[in-house]
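Reading through the structure tokens given below for one structure.
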Amino acid sequence: MVKVTFLKIGYIGATNLIDALLDERASRKGISVRVISSGCKMDEEEALDAAKLAASVPSDLYVVVSPNAGLPGPTAAREVLKETGKPIIIVSDEPSRKTAKKLGEEGFGYIVVYADPMIGARQGFLDPVEMALFNSDVIRVLAITGVLRLIHSEIDKVLAQIDKGEEPQLPQVIVNKEAALQQSGLENPYAHARAMASFEAARRVGALSTEGCFKVEEREIYLPIVAAAHELMRHAALMADEAREVEKANDTVTRIVHFRSGALRKKTQLLGKFEK
Amino acid sequence: MVKVTFLKIGYIGATNLIDALLDERASRKGISVRVISSGCKMDEEEALDAAKLAASVPSDLYVVVSPNAGLPGPTAAREVLKETGKPIIIVSDEPSRKTAKKLGEEGFGYIVVYADPMIGARQGFLDPVEMALFNSDVIRVLAITGVLRLIHSEIDKVLAQIDKGEEPQLPQVIVNKEAALQQSGLENPYAHARAMASFEAARRVGALSTEGCFKVEEREIYLPIVAAAHELMRHAALMADEAREVEKANDTVTRIVHFRSGALRKKTQLLGKFEK
Amino acid sequence: MVKVTFLKIGYIGATNLIDALLDERASRKGISVRVISSGCKMDEEEALDAAKLAASVPSDLYVVVSPNAGLPGPTAAREVLKETGKPIIIVSDEPSRKTAKKLGEEGFGYIVVYADPMIGARQGFLDPVEMALFNSDVIRVLAITGVLRLIHSEIDKVLAQIDKGEEPQLPQVIVNKEAALQQSGLENPYAHARAMASFEAARRVGALSTEGCFKVEEREIYLPIVAAAHELMRHAALMADEAREVEKANDTVTRIVHFRSGALRKKTQLLGKFEK
Amino acid sequence: MVKVTFLKIGYIGATNLIDALLDERASRKGISVRVISSGCKMDEEEALDAAKLAASVPSDLYVVVSPNAGLPGPTAAREVLKETGKPIIIVSDEPSRKTAKKLGEEGFGYIVVYADPMIGARQGFLDPVEMALFNSDVIRVLAITGVLRLIHSEIDKVLAQIDKGEEPQLPQVIVNKEAALQQSGLENPYAHARAMASFEAARRVGALSTEGCFKVEEREIYLPIVAAAHELMRHAALMADEAREVEKANDTVTRIVHFRSGALRKKTQLLGKFEK
Amino acid sequence: MVKVTFLKIGYIGATNLIDALLDERASRKGISVRVISSGCKMDEEEALDAAKLAASVPSDLYVVVSPNAGLPGPTAAREVLKETGKPIIIVSDEPSRKTAKKLGEEGFGYIVVYADPMIGARQGFLDPVEMALFNSDVIRVLAITGVLRLIHSEIDKVLAQIDKGEEPQLPQVIVNKEAALQQSGLENPYAHARAMASFEAARRVGALSTEGCFKVEEREIYLPIVAAAHELMRHAALMADEAREVEKANDTVTRIVHFRSGALRKKTQLLGKFEK
Amino acid sequence: MVKVTFLKIGYIGATNLIDALLDERASRKGISVRVISSGCKMDEEEALDAAKLAASVPSDLYVVVSPNAGLPGPTAAREVLKETGKPIIIVSDEPSRKTAKKLGEEGFGYIVVYADPMIGARQGFLDPVEMALFNSDVIRVLAITGVLRLIHSEIDKVLAQIDKGEEPQLPQVIVNKEAALQQSGLENPYAHARAMASFEAARRVGALSTEGCFKVEEREIYLPIVAAAHELMRHAALMADEAREVEKANDTVTRIVHFRSGALRKKTQLLGKFEK
């Protein structure tokens, strides 16, 4: 039984469902998953407190998910976990690319996702419903462009190594458009290109949200910008959806499923068999 | 500072983001949120273990989210939390309607959501990507049809009562189409009707998934059924999306935002002011 | 020359075009079709009068189409026709499932269609235009999900038996999702699943219309419900349309055509030949 | 009690539901409706036989619906009915425009609909399913562009005159785009324009079907043409649908409902009251 | 180096980009392109002046693009060019079909495009933005239905002949639906049919614009008609777009590319090689 | 009569129709327009030759349109025109932002458009049809996001100054998202935000095209990237289209029309009057 504990500090798109990716049908033998989260907050105090709780959970692997891994909260959190001596993988968004090298040097694994954009967090715009819809769109883009496949594959590899008693090789991955799409399983070249467009549009969302949240002061200017960010995110999700619809129309949707043993098995035709 | 701890046992749609609903911009003073989860698994052993961890977290309120609250795992979990003497709200899906009365009698609050359907959890169909896409669709339906608004409003009410030192009145709500839509803020009557259709379609998804997962044995019969469930879920999300698009076109999107104080303030026109 | 007379008492979706299904290009030799209808009304008096007129038309086969075959009007009508001694097939909607067994015992053939839902027949909602649009949507669902193919195939079989002087074997068919889809000719598994979702959504429409028309009294409650029923019907039609579009994109649309002789011949590629 | 009998000889789009337009909720007092049809066939023999049956039904008004009223079958049919001395309204499609003047001179009323196009009746293309889908699209265009409203309004006027014992003034209407749209109730000018575009596209469908069915001999040439006709018809329906969706988004859908008395009452807002 | 000069007198859809069609990547050796245009105006004075300028440019081939080649301006313009003794190809819209024969007799080549409709040029409707959008739609239809391929192929043939020092054979082509579609490269038969429908819809646009601009005087009548023309044009473009999307989903988009040498090379699969 | 000559060197999106923007109905008195173009090529030799031709045309104003105004060809061309002593406005794309300051210092007016992206000019991808479709999409984005309005308004201002004999004040405008949207006339805030998203997506297209054309060497890497660029451009156009559709649904489309006098008059409701 390999024990994996997710520590979630604040929210990015990948925060959602990352633990569920490992065991989509709740049938996997041999792993036990715990999640500890501080909710939306990611200041140092909340992060530390949650991290201590996580550190108290017996774990063979920690996965820390947060916005910008370079911020004080996430940094403090992973320092706490580091003291457990257990392997740690950091999953974070594009601003973390500046911190990635240092993470590697300090022995952390990392997965830095470029298409997981900041939300339009302005009081005059964001309410719980808008927030949820944005996440719905981000999840769609992450799922179809290959990001979620990449994330769970990397974690699965480490789990397998731990399970075999090997020294785990932690991932050091910058998830740009090429890295993501390679995992997407999209076979039609136009679907592949459209998903790539979706990925890049999502990156642009992050730039708009950042501008609207941090660079502009006037309400009548930043409100249209954060709204534009969410409009673009909605279309990024639509593009991704169209890409998958093409694969469905060709009966070429790649499915890579966790069997009870934890083994991943692949199939393509909906009514077909798993590959051996 | 009111402390609220979410215990998540297995996954329903509302599992996603339920803690984030309380503090969408991570700026709310006066509450501290913790989440403990057992990931996808919800058997008694995992549930108990996670519940004990949650019980160890100092909390003024517990919210337990799980599929079918009548199952052994969720039942055991809430029994553990009950011993803390703290108020507990159960959030669960339609199969829990049979347990709801008993929950009330035992002093639990409950929110039973009818449009949060079971996933098509068949090995030949569900992989992490398909799972994530289904959740993306469910989140959309829950957000637009009023379910998420209802959930956070009910929790917010209890938090306010606790904050004032009052004895909290725990919600006892069956979230059927009328209860949900009343919270949706949809002003155009056709958008309202379309969202209602979305809600009911999502319920039908649950019936199909259940049939495909539990009532049919033959692979060539259950695969089309669980696929049909997910197709219907995708269209339920599209219907919900269309409903919101109408409101956007009329600039009548209701936004109800958490201010730093925790107060909820409403606005309608995107560039307009909050109501007083 | 086989003479078939359709008696239509009130309206369901299948009332439209059912006679046209037998001879889509008006070129079939060997059959003569008559239709007698009482329009929308289906009370006993109107039904009886129309049935007597139908009974006066020399016929080798009667097909009676009406809502709920268990109601007094349709019941009285088929009793009148029974006196002719000719074979009779009853075509009706889901509420007739309760009557089906009895119909069989009394020697009637029957085709009970589960995805042919009641209309939202409320005065504040239904006008002739709304009524026509609902029928347009229902026809689309019946056509694409296989229902219309099943109906004409069953009638064609009986016509062929009569033509050969054989004792006709009348159909006893409950058209649930499996029975319908089997006739749909949809080859792509996702198109097939989407059409199944369309079928089930249409059934849910019936539940909503029934609730809105019969179970709720307050105008402000039933109007949204019947509107939701029609919104869901529109989306059921869109789902069906999407399913067919996939088949068109793959050039795999099944066409089964009546030749002049009445023989049915099948083709798939648009520019291809008929199978032999 | 006014008795109106519909004689349907062959099929146009308006054949569907024309009798249902008079009593959409099956609740109207004071009229009794009968329909007699020869199915798809419209040759003289079938037409005459059906007409004789219709002539035997006691009626205060006859409405004859058929393709091209100038063809021998429809001509013979109305001659038979003429002998009853009862008022007769001819409803037919654009090719009948050449016959319209003569119809008027002979004392018939007429409604000649320009957007009710011929179907692509080629053996290699048209099967019952394709036929039904084409009709679904035509019904949608007729409903939204105002044609069905115009048809039932004209018949309703005559029924009212008969009911009062007046000499009925039979309609003499060419339903071109202006005549139709005037009845559409579409308030948004772009929705109105789009519906007009839909109407004209439907007319173009007729030209394509005619070319594909009668002017071209080579299979590899006429198959694309009739397929193009149906593609254009599908888009005409989509355009009409979009027009109505705009009205729904503005809550300005015109509804003109038959009350029990037969009176027509109008409303606009879905939750609003009928105008007085 | 072959020198080709385009003289553009007024605007049709094909005016846009016609010179760009010859050298899409600006990399072609061996040709030099000049364009002279009088902008939107096409009266005799402006046309003559522009033509004289064009005549002063050393050219091996002239291509004259204008609305209705039979009008005085375009006629005068080509007379001026004729004096250069160089080969001249006239590209114009459907009204030019009446002039085509005469053009041929006078030694001009011609390409008369039937799906390049007049714009809705009414003051109360057309502004620069609406004008640009109409052109965007027309370009899409011309591109996908094969018209642009046909135009550049015909000019390319003449350029090749001139390059070889041969006497050029000027094209005499009426671009009706068959001529266009044959060049479209659309392989799926429904995509082909839909593009044909798009082509015919575009022709109908021309009829509506003409009616709205020249045959109707009343503002409240012509405004809806020209608006309907543009609505239909938008849907014609959507139909064309759908046709191409089908080809993309099948990875069967035909690409015929100008190599540096001017040679045209064809490929189909996006990631495939050029045919030899 | 003010004479304006456009010199087009190579192609950007704004190259299309820029001259037509000034006189959309070809009815404007008081201006005469000439266009000289070198087609797609923009090397120094072609540019110079075309510029000399343009310089020979008597003009009161020159407008030079080209990609990247800093390249040798466009630079040489404007130097030639500069010798005429006439006012010159440079219209170009985002890479020109580096040259803009210098242009201003040298006395040129400039309009640098940020959402007019480079095309995916790779031999294995771009053929004349793909090129035309890309331009169709770019035109749509430029039209709806306000860019075309801004361009013609700026030129119109200069024309008016020249017409009055005033010293023209040449524009110095960087058309970023704020500058463009301010001219878009979009009233609904979500339509406005969606158009802004469209604008930014179009900018991202330019980044992808540049990467695919200049930064990547491997065919299997750059082909997906340029295809992604065009996919994103198509969705940028769809977003823009959706924005306009919202305005149409609200009957709030801004139209600013050139009257015969050259005066610009504005109207909003389609059937409404021009503002005074």
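Letters A, B, C, D, E and F mark the chains in the order given here, with residues in each chain numbered from 1 onward.
What we mean here is this: contacts are C-beta pairs under 8 Å (C-beta built on N, C-alpha and C of every residue); 3 or more make two chains touch, one makes a residue touch a chain.
Since we're looking at a predicted model, the values are computed, not measured.
Where subunit B touches subunit F, under half of the residue numbers in use are shared by the two copies, so each contributes mostly different positions. Subunit B maps onto subunit D through a rotation of 120°, based on Cα atoms and reported in steps of 5. One simple way to say how far apart two chains are is to compare their mean CA positions; for subunit C and subunit E this gives 49 Å.
Centre to centre, using the average C-alpha position, subunit D and subunit E are separated by 40 Å. Subunit E and subunit F have CA centres that are 21 Å apart. Multi-chain contact residues of subunit B, defined as those touching 2 or more other chains: 189-190, 193, 223, 227, 249-250, 270-271.
Inter-chain contacts occur between A-B, A-C, A-E, A-F, B-C, B-D, B-F, C-D, C-E, D-E, D-F, E-F. Residue ranges on subunit A touching subunit E, taken from their complex, read 188-191, 193, 246, 249-250.
Interface residues of subunit E, counted against subunit D in their complex, comprise 177-178, 181, 189-190, 192-194, 196-197, 200-201, 203-204, 207-208, 221, 223-225, 227-232, 235, 238-239.
Residue ranges on subunit C touching subunit D, taken from their complex, read 8, 10-11, 16-17, 19-27, 32-42, 46, 50, 53, 57, 121-133, 135-137, 139-140, 142-144, 148-149, 152, 220, 223, 227, 237, 244, 255-259, 267, 270-271, 274. Residues 248-251, 253, 269-271 of subunit D touch subunit B in their complex.
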